[in-house]
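The following blocks contain the structures, represented as structure tokens.
Shared between the two complexes below is subunit A, which has subunit B as its partner in the first and subunit C in the second.
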Partner chain A sequence: MGCWCCRQWLNPVHHNAGPDQFVFVLAQTIMKARLKGAQTGRNLLKKKSDALTLRFRQILKKIIETKMLMGEVMREAAFSLAEAKFTAGDFSTTVIQNVNKAQVKIRAKKDNVAGVTLPVFEHYHEGTDSYELTGLARGGEQLAKLKRNYAKAVELLVELASLQTSFVTLDEAIKITNRRVNAIEHVIIPRIERTLAYIITELDEREREEFYRLKKIQEKKKILKEKSEKDLEQRRAAGEVMEPANLLAEEKDEDLLFE
Partner chain B sequence: MAGRGKLIAVIGDEDTVTGFLLGGIGELNKNRHPNFLVVEKDTTITEIEDTFRQFLSRDDVGIILINQYIAEMVRHALDAHQRSIPAVLEIPSKEHPYDAAKDSILRRARGMFTAEDLR
Partner chain C sequence: MKSNLHILPSTTDLKIHLQTTDYGNFLNNQTNPLTVSKIDTEMRQKLCREFDYFRNHSLEPLSTFFTYMTCSYMIDNVILLMNGALQKKSVKEILVKCHPLGRFTEMEAVNIAETTSDLFNAVLVETPLAPFFQDCMSENTLDELNIELLRNKLYKSYLEAFYKFCKNHGDVTAEIMCPILEFEADRRAFIITLNSFGTELSKEDRETLYPTCGKLYPEGLRLLAQAEDFDQMKRVAEHYGVYKPLFDAVGGSGGKTLEDVFYEREVQMNVLAFNRQFHYGVFYAYVKLKEQEMRNIVWIAECISQRHRTKINSYIPIL
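Here is the complex of A and B:
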């Protein structure tokens, strides 16, 4: 699209620019910048969503593996419990009554993936074993094995829990990011594009209006000129008009002494 | 309660709880409330649900271990829990081996990895 009278491409300082034109052109520049910004934002968010989804799938796979492993570890631990019960008798009540302080606790640490903080669990030991004396009477060895098995199970379960929390957190983050991408893509960018199109049509129309106005003025000027010419002719014919002195047509110059 | 340290809570049958207590996770807090619940044949579902909700609202519990058959009983309470901490893990019991189809976490990812689920 260019100017209709001189075919010059429309630029900010155009010979037909009226004072209002600047406002529209300014708005157009702003809108273009916004469109660019929205597109960049959308691309970045898409990348983030992709990175998160990738990590999500990895974690999911690991979770399934670990759960299967956990099933086996738990089974083994349950066996050793049955064995210990067989040798040491029923110690369940004693164990439950003697609960005091936990030796194994967990800490929540933060891990960061593509800008999303994921909580990760880390287990640590604290204090001494409160059941050290439990198997002294009988079945000490089975009990020791039992304790070891369940400690192993606990470690595995802590790892599983970390995976699970990451899973849930990532799920939420991915949903939010995708929502944002869609919002930008289907609402914000079309809106800006529509505004841009509107501004361009407005500018075009004004351009045409200017051109039309100019043409009209030229016509009017022409008519006025013709009219004044006619007037002049008539007055000259009537002999009322004195021609002013014409420097170029003078034949005799009084000041020249020698000719 | 040690600074940032969190506990592992257990809701399960007698054997499971005994085993894990021997693993060293049991603790009584200031009000003599334990971080575990032994579920027997006569334990009501309301009781289990209440304890579960209690564990969820306690801020010193990081992980809740629950036998899968008990989880089935309070499935609605489990599904309503959307936060990432405390993490709820379903573990098998002696009579009921682990069934991946019932796990509420894996059900959320149903659409993605169905082939691997049947491994």
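Here is the complex of A and C:
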């Protein structure tokens, strides 16, 4: 029998309790410290999990709002495309032919929530509008409106992308943290507590053993003493016992020449 | 026909409805789901077939008239091809996207040219578009010019040439076609001005894009070139009795834009062309009205498929 973490100290060898007991007490102190550490760790992790969950809920709400808005904006944009086609004719080939560089680009930044890094996307414009003169002869107004609508849609899309990546990352982080909290709470702490309880019971038992041993020895001594006294009485009664000279009794001492 | 189309719940119902009209069974070979672009392509092909039918039965000078009509589509196709050739795109995919009414025989040969001047020398010289190119610029400036500016300049010389042709032909054709073309010229001037507010197009450049065969020439065009916003443009229009009521109708109830107003006027003039007999204007009017009808049908179909019923009535009614 022994604890999984400190097997060598709980080797129950039944010999003199002295040095063993010392080792047991040491083990107990260490276990207590470990328990304290586990509990602190569990509390910290729980706090982290709570902070992450709070942020998670906020992001979820934002995602729902953005998605609804996205639906509206896309619908609006698709309709303005139809309007523009009605007025300006078919400009799709012109637009496709004139594509060279991207005008809207994205930068990725990092945001930190309770130790978890979340990516955040930010868009920026680069370069001039190469489609400024498209639709100069017909439908320019509708085309301008169309450009604005789709630009709005793209911005919303970028925001939605940031939100969704943070959502997924946070989800992972929360799962891991919760797993750790549960592990500490339901596995590690009970183990330590059981070990601690065992140590305490062992110590108690040792003490009891000590006590018992002492008592037994005392009893034995007492019996021996009674026995020897009885013996002595008997011999004295039989007159065999020579009492040693009592130095303190005032009797004549033969060796003394003078008085 | 138009009055019932906008209550239809889906595009397949649209197809059934169209079968009862002149369009007949043109959508029969299409499988479901019926998308708006399919409807559009089919209608355009039907128009093309009818146009080719007219053309094949025509003699001079009607055939020149027809050539002039196809020039506007040819201009668009040429711009597309030039763009594609400059960016080394495959010719086949661009050819598919060209407008069928604007076909000319040298189209496939476009990909051999490296620069626009090569293109001009090798290919475009043969087409009816050659004089328009020569009109606007010398060869050297072909390369640097912005594609949109080129397109508009070509259109300007085309319109002026067409106008001259109609005028020279005289007779009822001139009576019918010239006002229509004048209106087209002025309309382009207004729209170009409107769309160039806030862009990098300078006033001098803008002035070179105005066709000169309209009522606005010359004072109106000069005033327009100086205009900086919509109100100044409106003041220029007020000098001309024909355009004042059009500008007044802008805004108003129903939120009409200037372009909508212009479309309506064009449709009116085209319909009037059918009141006279024995002139070539009928063909022009027929094609233009057919195009407007196509646009209307596509608009209604888009509204139905995108479930945006509120604006379904903002098409341009004919008659």
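FYI, the second predicted complex is superposed on the first by the 200 of 259 C-alpha atoms of A that agree within 3 Å, B and C clash if a C-alpha of one lies under 4 Å from a C-alpha of the other, contacts with A are read in each partner's own complex, and residues count from 1 in each chain.
Going forward, a contact is a pair of C-beta atoms (placed from the backbone, for glycine too) under 8 Å apart; a residue touches a chain by one contact, two chains touch by 3 or more.
Everything numeric here is computed off the predicted structure, so don't read it as measured data.
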**Request:** Return first, second, both or neither, reflecting whether A:86 touches subunit B, subunit C, both chains, or no partner chain.
**Result:** second
**Request:** Look at A:200 in the shared chain and tell me whether it touches subunit B only, subunit C only, both, or neither; answer first, second, both or neither.
**Result:** neither
**Prompt:** Of the two partner chains, subunit B (first) and subunit C (second), which one does A:67 touch, if any: first, second, both, or neither?
**Reply:** first
**Request:** Please determine whether it is subunit B or subunit C that touches the greater number of subunit A residues.
**Result:** B
**Asked** Of the two partner chains, subunit B (first) and subunit C (second), which one does A:138 touch, if any: first, second, both, or neither?
**Response** second
**Item:** subunit B versus subunit C as contact partner of A:75, first or second or both or neither
**Value:** both
**Request:** Give one of first, second, both or neither to describe whether A:153 is in contact with subunit B, with subunit C, with both, or with none.
**Result:** first
**Request:** Check subunit A for residues that touch subunit B in one structure and subunit C in the other, and list them.
**Result:** 75, 78, 82, 134
**Request:** Using the touch definition up top, name the residues of subunit B that touch subunit A in the complex.
**Result:** 2, 4-8, 14-28, 34-36, 38, 62-63, 65, 82-85, 87-89, 91-94, 97-98, 100, 103, 105-106, 108-109, 112-113, 116-117, 119
**Request:** Give every residue of subunit A touching subunit B within the complex, in rising order.
**Result:** 57, 60-61, 63-64, 67-68, 70-71, 74-75, 77-78, 81-82, 91-92, 95-96, 99-108, 119, 121, 124-126, 129-131, 134, 143, 146-147, 149-151, 153-154, 157-158, 160-162, 164-169, 171
**Request:** Quick one: which bits of subunit C touch subunit A in the complex? Just the residue numbers, please.
**Result:** 79-80, 83-84, 87, 89, 94, 97, 146-149, 151-152, 155, 188, 191-192, 194-196, 199-201, 209, 257-260, 263, 295, 298-299, 302-303, 306, 308, 311, 315
**Asked** Touching subunit C in the complex: which residues of subunit A?
**Response** 75, 78-79, 82-83, 85-87, 93-94, 97-98, 132-142
